[in-house]
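Mind looking over this structure? Questions follow.
Going in written order, the chains are labelled A, B, C and D, and every chain counts its residues from 1.
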Amino acid sequence: MLSAEGLRHAFGEGRGQVVALDGVSFNLTAGQTLAVFGPNGAGKTTLLKVLAGLIRPQQGSVRVAGGRRAIGWIGHQSHLYEHLTVRENLLFWAALYGVPAARRGPRADQVLERLGMGDRADQPVWSLSRGLAQRAAIAKAVIHDPRVLLLDEQFTGLDLAAAAELRALLGELRGGGAPGAGRVVVLATHNVDEGVELATDVAFQRRGRFVHFAPRAGRGSSDIAEAYRRAVGGTGTDG
Amino acid sequence: MSLTQKGRWITVVALVCLAAVYVRALAFTPVERLQGPAQKIFYLHVPAAIWTETAMILVGLAGIFYLFLKDPRLDRFAEASAEVGTVFATIVLTTGPIWGKPIWGTWWTWDARLTSTLLLFFLYVGYLLVRGAVRDPVLRARYAAVLGICGMCLVPFIHMSVFLFRTLHPQPIILKPSAPSLPSSMLVTWLFSLAAFTLLYVGFVTQRYALSLVRDAHGGARPGHV
Amino acid sequence: MGELLAQAWTVARKDLVLEFRTRTALVSAIVFTALVLTVFNFGRDPTAVPTIDLAPTILWVTFTFAAMLALNRAFQLELENQALEGLLVSPLSRTSLYWGKLIANLVFVAVVEAVGLPLFVLFFDVPVGHVLVPLIGVIALATLGFVAVGTLFSALVIRTRFAELLLVVILLPFLVPPLIGAVQVTARLLGGRPLSESVGYLKLLAAYDIVFVSLASFLFRFTVDE
Amino acid sequence: MGLAPAMSDVPQNAGYMVAAYVVTAVILVVYAVSLYRRTNTP
C-alpha cells in the first residue's frame, strides 16, 4: 500500500549540508499505523513530505497504491480558504481529488457529520475556533477517502482534552480493524505518549535514519519511551 | 595550474589582444569619411553588444541543461556568464551614447542595438537580483534557470520589436548589424576586436566560475547574499 | 486535455469566487486605473501634443499597471490561506494549476480593462467605436502575453524576500516587446489606418503569446516544486 | 552620395572616439582587477 525504498535526501551542499534522509526503507499494508518518533531536525517532516510527493527524494523511491489521489496530508497548514465556507472548501478539494461531481456534496456532508461539524458547514472558515479549524482541516484531508493518511506533528500545541479528542478522531478515521481493511497511517511526532495508542508499528528516526523499526506489540508509551531513550538518548519529549 | 590561474592567463592574453586592437583601430585603420573618427567606436561597441546577447543565450542554455541534469556546475557557469554579460552591457550602454552624440546629436537614441542592450541589461539585473534574493542553493539554481531560459527566449522578441519599431534615424548603412559591409581593412579590425572580446568573455567567466567554486568550498552554502 | 482544463477551471473558479467575494483587490485595481488615467490627463498639454498621438501610450501604460497589480496578488490567495502546499500535494498537475491561475489573472485584468477602456475614451475623447473589435482583439493578445509571463514569475518570487519588488523588476523587460507591439497597433487603429499595416506587430504579439504561454506552462513546475 | 567629401570636411569628433576607448578600457580593467582581488581573498 505504501512502500519506501532507500530514501536519501539532503539540503544544501558542501560543509553546510544537512542530511534529512539517509537510507530509509519500509513497507506498510492496509490497517497498519506507523508512529515515527524523533527529535526535531531528525528529518521526520522531510520523510512525510517525500512520502506525500511534495519533495522528490535525491535517491530512492516511494510507491503509493493509487498515487497522489490516494494520499491524505495533514501538516501545519490548513489548506482552507478563509473566505470560503467549510462546505465550499470541501467541494473545491473534492473536485481536485477527482471525486465525481454528484458525489461531492453527499461526501462532504458525510465527513462533516462524522467529525461532528455538520452544523458548521456553511460558516466561513475564518469564523471557526482553532479546534474546529483543525477538524475542518482533517475533514479536507479525508474528503477523497485516501488509502494513505500522513500526519505531521498534529498533536503539538493541543491540550490534553483536544489531544484525546484528536486521537479518538484518528482512531475512528483509520477504519479497518480487520487486517487488510482500513487505511495506512503514518504520523510523525516528537512526543512519545501522543501517538502510541494508535500505532501498530513504531519507528525512531535520528539524523535521517531509522534507528528502530518494529511492531508495537502491545508496548505502552512508557515501554516505548524507554526503548526510545536507549536507541536515541534523551527523552522523547526533548526538542 | 588552478582554474583561477588559467582564467587569469586567458584574461591577460585577451587584454593584450585588445591593446593590439586599440593600436590597429586607432592608428592603422582608415577614418570613415561620413562619420569621422567617432565611427571607430564601432569596433568596441558592436562586439560588446554581440557578447552581451551571446552571454544571455548561454545563461539560458545552461539553465535548460541544469533543469534536466541538476548539475551545479551549469548553475555556476550561468551565474558567471550573467555577471560577465552585465559588464559587456555596461560597455555598450556607455560607448553607445558617446557614439550617438556626435553622429545623431543626442546622447540617447532609441537605436535598435542600444535599446535591445538596455533591455538585456534589465534582464541581467533581474537575474542577479533573483540570485541574490534566494538563499537555498538548489532553489536559487532552479529559479535562476527558469528566468535564464525565459530571458534567452526574449532575445529574439527584443530584436523583432526593436527592429520593427521606427528608430530615431534611418539606420546608417555602415552599422548594418548582420554582415557589416565594410572595406576589408575595417572588417579585419572588427574581427580582431570580436576575437579579443571572445577571449575576454572566456577569461572572465573562467575566473568568475573559479571564484564561486572557492566560495562553495569555504562557505558551504552556494554564494549569494547570505 | 479535458481533465487538465477541468482542473484548471476549478482552480480559476475558486480564485474568482474569492476575488469577487472579498473584492478589495479588484476595487482597488479599478480605482488605481482611474487614478492613473486622471494623472495622465493633467500630465499633458492638449494644445501642445494632440491626444491621438499620446492615447495609445496612455492606454497601455495604464493597462500594464493594472496587470502588475493582478499579478502581485496572484499567489497571495494561496499564501494567506496556507493552501499552496495543499495544491502541490493534490493530484492537480502543475500545468493545470498554472492555467487556473492564468485564467483567473486574465479575468481579473479583463475586468479592470473593461472599466479602464471606457474611462480612457471618456477622459481623452478618443473615438474607438469604429475600431472597437480589433482594438479589443489587440488588448486581449497583448494582455495574454505579459500576464502569461507574469503568472510564472509571481510563482517564482513567492518564496523570495521583497517578492513584490522583485516581480516588477524581472517582469519589466518581458513587458516591452508586447507593449511596443500593442502601442503600435493601437496607434494605427486609432489613426484609422487599415489593419494590414499592423501585420508585423500582430505577428509579434501572436508569436510572443504562443512561445511564452507554452514555455511558462512547462517551466511552472520548477517554480513551485520544493 | 556622389563625390566623397573632401578630406577637410570630415567631421572632427576624435574626442568622442578617445572617450569611448578610454571608458571601455577602464570598465574592463576595473572588472579584471575586481575578479583578481575576489579570487585572492579566501
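The rule is short, and it goes like this: a contact is a pair of C-beta atoms (placed from the backbone, for glycine too) under 8 Å apart; a residue touches a chain by one contact, two chains touch by 3 or more.
Note that the structure is predicted; figures quoted are calculated from it, not measured.
Peer 1: Looking at A-B and B-D, which pair shares more C-beta contacts?
Peer 2: Answer by contact count: B-D.
Peer 1: Averaging the CA atoms per chain, pick out the one whose centre lands closest to the mean of every protein CA shown.
Peer 2: Central by C-alpha mean position: chain C.
Peer 1: Where the CA atoms of chain A average out and where those of chain B average out, how many Å apart are those spots?
Peer 2: Roughly 51 Å, centre to centre.
Peer 1: If you average the CA atoms of chain B and of chain D, how many Å lie between those two points?
Peer 2: Taking the mean C-alpha position of each chain, the two centres sit 16 Å apart.
Peer 1: Would you kindly tell me how far, in whole Å, the mean C-alpha position of chain C lies from that of chain A?
Peer 2: A distance of 40 Å separates the two centres.
Peer 1: Using the average of all C-alpha atoms in each chain as its centre, how far is it in Å between chain A and chain D?
Peer 2: That gives a centre separation of 65 Å.
Peer 1: Hey, what residues on chain C touch two or more of the other chains?
Peer 2: 226
Peer 1: Write out all the pairs of touching chains, ordered by chain label.
Peer 2: Contacting pairs: A-B, A-C, B-C, B-D.
Peer 1: Can you name the residues of chain A that touch chain C in the complex?
Peer 2: Residues 49, 52-56, 67-69, 71, 73, 75, 77-84, 88, 92-93, 95-98, 140 of chain A touch chain C in their complex.
Peer 1: Quick one: which bits of chain A touch chain B in the complex? Just the residue numbers, please.
Peer 2: 11-17
Peer 1: Give every residue of chain C touching chain B within the complex, in rising order.
Peer 2: By the definition above, chain C touches chain B via 149, 152-153, 156-157, 159-162, 166, 169-170, 172-174, 176-177, 180-181, 184, 200-201, 204, 207-208, 211-212, 215-216, 219, 222-223, 226.
Peer 1: Which of the residues in chain B come into contact with chain C in the complex?
Peer 2: 67, 119-120, 122-123, 125-127, 129-130, 133-134, 139, 142-143, 145-147, 149-151, 153-154, 157-158, 160-162, 164-165
Peer 1: For a test of understanding, state which residues of chain B touch chain A in their complex under the given definition.
Peer 2: Interface residues on the chain B side: 72, 136-138, 216-217, 219-222.
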